[in-house]
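In the two complexes below, subunit A is the common chain; its partner is subunit B in one and subunit C in the other.
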Partner chain A sequence: MAKPLPLAPRLPTRRVRILTGIFLAAVIAFFGLGLSLGELIPRDSGFQLVLEFFSASVQPAFTYQNSEGLPSDISPFLFKVGRGLWTTLTYAVAAMSLSLIGGMVLGLFASASFWERRHPAWATFRWTVRVLIAAMRSVHELLLALVFLATLGITPGAAVLAIAIPYSGTLAKVFSEMLDESPREAADALSYLGAKPLQVFLIGRFPRALPDIAAYSFYRLECAVRSSAVMGFFGFTTIGLYLRQSFENLHYREVWTYLYALIVVVLILEVWSAHLRRRFVA
Partner chain B sequence: MSDRLAQVEALRKSRPRSRLIRWSAMLAVVCSVLVWLTSDISLADMFSTKRLGHLDRFITNDMLPAKLRGDAFTWGGLGDWCGEQFQLNGARAMLATLCISVLAIVLAAVAGAMLGAFGARNLMSAHPFLPHATVGHGDCSHWLDRVAQFTRLICILLRAVPEYIWAYLLLAMLGTSAWPAVLALAIHNAGILGRLAGETIENLPSQPLRALSMAGGTRRDVAVVGVFPMALGRYLLYFFYRFETCVREATVLGMLGVVSLGYYVIEARAHGQYSTMLFLIFLGGLLVMLADIVSDVARRWLQKGI
Partner chain C sequence: MVHLGGTPVLRGVNLEVSCGERVALLGPSGAGKTTLLRVINGVIVPRSGSVEVQDTNLRKLDQGALRQLRSRIGFVHQDHSLVANLRVLHNVVAGRLGQRSFWSSLRDIVRTSKADLLEVHRILERVGIGDKLYQRTDSLSGGQQQRVALARALFQQPKMLLADEPVASVDPTRSRDLLNLMTELAAEEGWTLVVSIHDLELAREFFPRVVGLRNGEVYFDGPAEDLTPQMVTELYSMDSTSSTGGEQDG
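After this line comes the complex of A and B, so read on.
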């Protein structure tokens, strides 16, 4: 006989409980911050600014919005945008190249599959690396940039290193998970044939995770571009610096040019990485 | 034997290869090398004598609280000082940061779920889930397909602009309260969660949804009764994954003048209290690690069952 369908109300499932918890937390946070919905409506000057700012979105600037008082030999506005973008990209690429090395090394050491078939005492080392990774990830790149500014002064290397440290941590964490989740049949087969642990890992395991690793790295490059853009708010010459200056001078059309430029770069990287992922999966 | 080797070689040669992947990898390597060789970025400059002098002064002097400098340093004194700082601003800063990120991620999740539903091409087609409707092929000229395209474009715009810049712009419009930070985080994450939700919906197994549709369910019926419960589990995993990034990001948004941890960090820096600054940054790190653990535990708990 088929089991009868439950008629009595069931206990809330895990998902219902977690949803309830989440919404309760949001309500507590709302009152904890002392927020009111009225503050969401911009007042007088704020409202004027909203109007001006968003009406500027349909006509981004292609030349300086206010050329009075500018030196006559100043380079054209679009050059400035290009220079800002270029610096943003160079910081991002430099930071990513460091993070890839750091993330790969730490990711190997933090993964369980690398230490398989080895002495169990290595587990301690693996956990030390994992804690190190968590610590690296926990401090935001802007806070690190502040520390470097305070200790070393302003230099492009400070921005690059500030981005590279947390990014190495994130890459290492994700790489180690990808390595551990990669299919293990080939590795097991190699191991039964008598291959050494390192051979098993490098030939049987690592290549299986490589597509995921590459796809994720590209996604992180996109994030690095955003981080490097924001570094401009601290005086580095990335696009954030110019955006802030234009906004403070109330040149909203210039602000939109910078925003659109950033969006286009991010978009290109996203389309590119989407295509890469499709090739890998196919 | 050589026959076998030839077979292996033939197998190797016939492996799937993509020009795009190879060119991308090469471009990545070349760009990295060029950036280090040609731009003004130099790690050596970071450790020049001048900067090392800076660093030395920072470590021996600025880094410690004024009353603990030089011979007056004791670990007990440092512990007491940390306790004082924690009570003064630290606890408040951590709590505000946490509240901002919780509220932001919940708003983002609600908005992201909507964006995901309207951006999913299988749901937003002329005949959702019916056998003759195939995603990505055939006629995509129905107005609902346009809705899906437009929603996806919105998602891209929302997530392409960093949270910090959203917060900076919103702060000028809304004035000083926690809203700019909350909204900035919510907007950026709604773009990300919207895309992830859309992908989740598109990857759902189509049979149960088709059954609902063929039994006469409208698009809304299928969405509420079929798509939502089926996609919820995975969406919650993404939710917790974004939550930890949200906490991390919330720590810095305060630097614009909102009361999160970053605000007190900037304050301390402006007053030259580098010891306080470092301690607050340390607290921020602790908070992020805690959020990391919470999100990890929640995800594991969710994966164990519904």
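After this line comes the complex of A and C, so read on.
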């Protein structure tokens, strides 16, 4: 005779509760904001603007859209785009270099695997670091930019610091998780050969996390390019500054040139990182 | 007596292994073979009883001295004991981590000295994979990776080699070659060899002395030819009291 089925776990109820919770949160947010789908359709003048803006997308500008009143010795438009891109990239790279150092150091200290085989008292230090990186992540780079603008003025340092602080925090958090998730068997084997904790970690564990760390850093560089572009809205001379000026002057074809330039940069980064990832994995 | 997670894993084990001896630990999964090996290299300290290795009582050693001792004991694991995405060269060089300071070990990895490079190559030639020197370790087969693990042990220059199921993840036709190589090396280098293994035939073929473990106790200890078929059945017979929940592998 067949044995009766074992009791099924009562998982579905819990899953349903969570999904209902998420759905309710969405509903509350929508009604709290008074959102309605009707608002998403632009009104007459807005509609005109949308039409103009998107029709400009197929004919991005290669020269100034309106050269009237511009000084005669002004550099060509594409030079301006190039200059804007270059500044955007230098801000992004400078911020990422600082973030990589900060993120790596803090990420090591925040990871559990770094403190393995060490005195348990170090756990307090580790948690202090975790709180610190949470604090660094909790303020957006645009808010920090406002603070640094007020204290330092429009200097490159202000924008770079504003980006580097939250980015260090994010990198530190993700790096520490990648380190802790990397396979540990090889590290254990090294400790069996009498290696000291730091050797075990740096030679047995760290290399296994490195491909992930590199790939994620590339993704964050992409984010840094975006953040650095937006810094232009505050007056830093990144591409965002020119983009805003063109937008305010209703020069939508110029706006699209800037946008396409940004897309090209992101695509180049993507191809480059995919190439590096292949080398790491192969 | 050794406890893991509250369950005694080894009880009343009384073993003496002389220098240069070759011993196979035989027994079913959960019998305590892995634990016994870990006790010998001081990774696990027994709650009661004493362990003496190379005339030192492990209980009296602090962490530093234990590491010192371990740096003279090679250990070959079942698998996954190599840093998969490093080159073979660097995995072998890591054999001397326990004998090097932090900075010099880092230099060994980043810029291996000419002398070490030549030595590693010679060792790899000895274990039959000299051409793999610069290959990424995870591009090698399971059997080749175990040869890298052996090369790492050779580079370490230990007095004793412990191996935990070294051929369990190697394809059967290659395991004989690997054990052959391991016992040859042990004879050449004068290593004491203690190897846990679950294949009775292999144990008989390569090891003059066999220690049978069952439920954490020594069930048999003697020359391989004294092991009768009935004793083997007994050794592997399931026992309702063999609930060794604390151990992951045999």
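The rule we apply is simple: the second predicted complex is superposed on the first by the 266 of 282 C-alpha atoms of A that agree within 3 Å, B and C clash if a C-alpha of one lies under 4 Å from a C-alpha of the other, contacts with A are read in each partner's own complex, and residues count from 1 in each chain.
One rule holds in what follows: a residue touches a chain if its C-beta (ideal position, glycine included) is under 8 Å from a C-beta of that chain, and two chains touch if they have at least 3 such contacts.
These figures come from a predicted structure and were not determined experimentally.
Student: Record, for the superposition on subunit A, whether partners subunit B and subunit C clash or fit.
Tutor: In the superposition, subunit B runs into subunit C.
Student: Of the partners subunit B and subunit C, which touch A:L210 in the superposed model: first, second, both, neither?
Tutor: second
Student: Touch check for A:G194: first (subunit B), second (subunit C), both, or neither?
Tutor: Only subunit C is touched by A:G194; subunit B is not.
Student: Would you check which partner chain A:W272 touches, where first means subunit B only, second means subunit C only, and both and neither mean what they say?
Tutor: first
Student: Counting residues of subunit A touched by each partner, does subunit B or subunit C come out ahead?
Tutor: The larger set of subunit A residues in touch belongs to B.
Student: Pick one for A:R126: touches subunit B only (first), subunit C only (second), both, or neither.
Tutor: Neither subunit B nor subunit C is touched by A:R126.
Student: Touch test for A:R226: subunit B only (first), subunit C only (second), both, or neither?
Tutor: The answer is first: A:R226 touches subunit B but not subunit C.
Student: Between subunit B and subunit C, whom does A:L202 touch in the aligned arrangement: first, second, both, or neither?
Tutor: second
Student: Looking only at the overlay on chain A, choose which of 74-82, 128-136, 164-172 or 218-226 in subunit C hits subunit B.
Tutor: Of the stretches 74-82, 128-136, 164-172 or 218-226 of subunit C, only 128-136 runs into subunit B after superposition.
Student: Let me check the overlay on chain A: which residues of subunit A are in contact with subunit B and also with subunit C?
Tutor: Touching subunit B in the first complex and subunit C in the second, residues 280 of subunit A appear in both lists.
Student: Residue numbers of subunit C touching subunit A in their complex, please.
Tutor: 41, 43, 67-75, 77, 79-86, 90, 94-95, 97-100, 102, 105-106, 109, 152, 156
Student: Which residues of subunit A touch subunit B in the complex?
Tutor: Listed in rising order, the residues of subunit A that touch subunit B are 13-15, 18-19, 22-23, 25-26, 28-30, 32-35, 39-40, 42-43, 46, 49-50, 53, 90-91, 93-94, 96-97, 134-135, 137-140, 142-143, 146-148, 150-153, 155-158, 160-161, 214, 218, 226-227, 229-230, 233, 240, 243-244, 247, 255, 259, 262-263, 266-267, 270, 272, 275-276, 279-280, 282.
Student: Can you tell me which positions in subunit A touch subunit C when the two form their complex?
Tutor: 183, 185-186, 188-196, 198-200, 202-204, 207-208, 210-211, 280
Student: Quick check on the complex: what are the subunit B residues that touch subunit A?
Tutor: 16, 18, 20-21, 24-25, 31-32, 35-36, 39-43, 45-46, 50-51, 54-55, 58-59, 62, 95-96, 98-100, 102-103, 106-107, 109, 156-157, 160-162, 164-165, 168-169, 172-175, 177-179, 182, 232-233, 236, 239, 248-249, 251-252, 255, 262, 265, 269, 274, 277-278, 281, 284-286, 288-289, 292, 298, 301-302, 304-306
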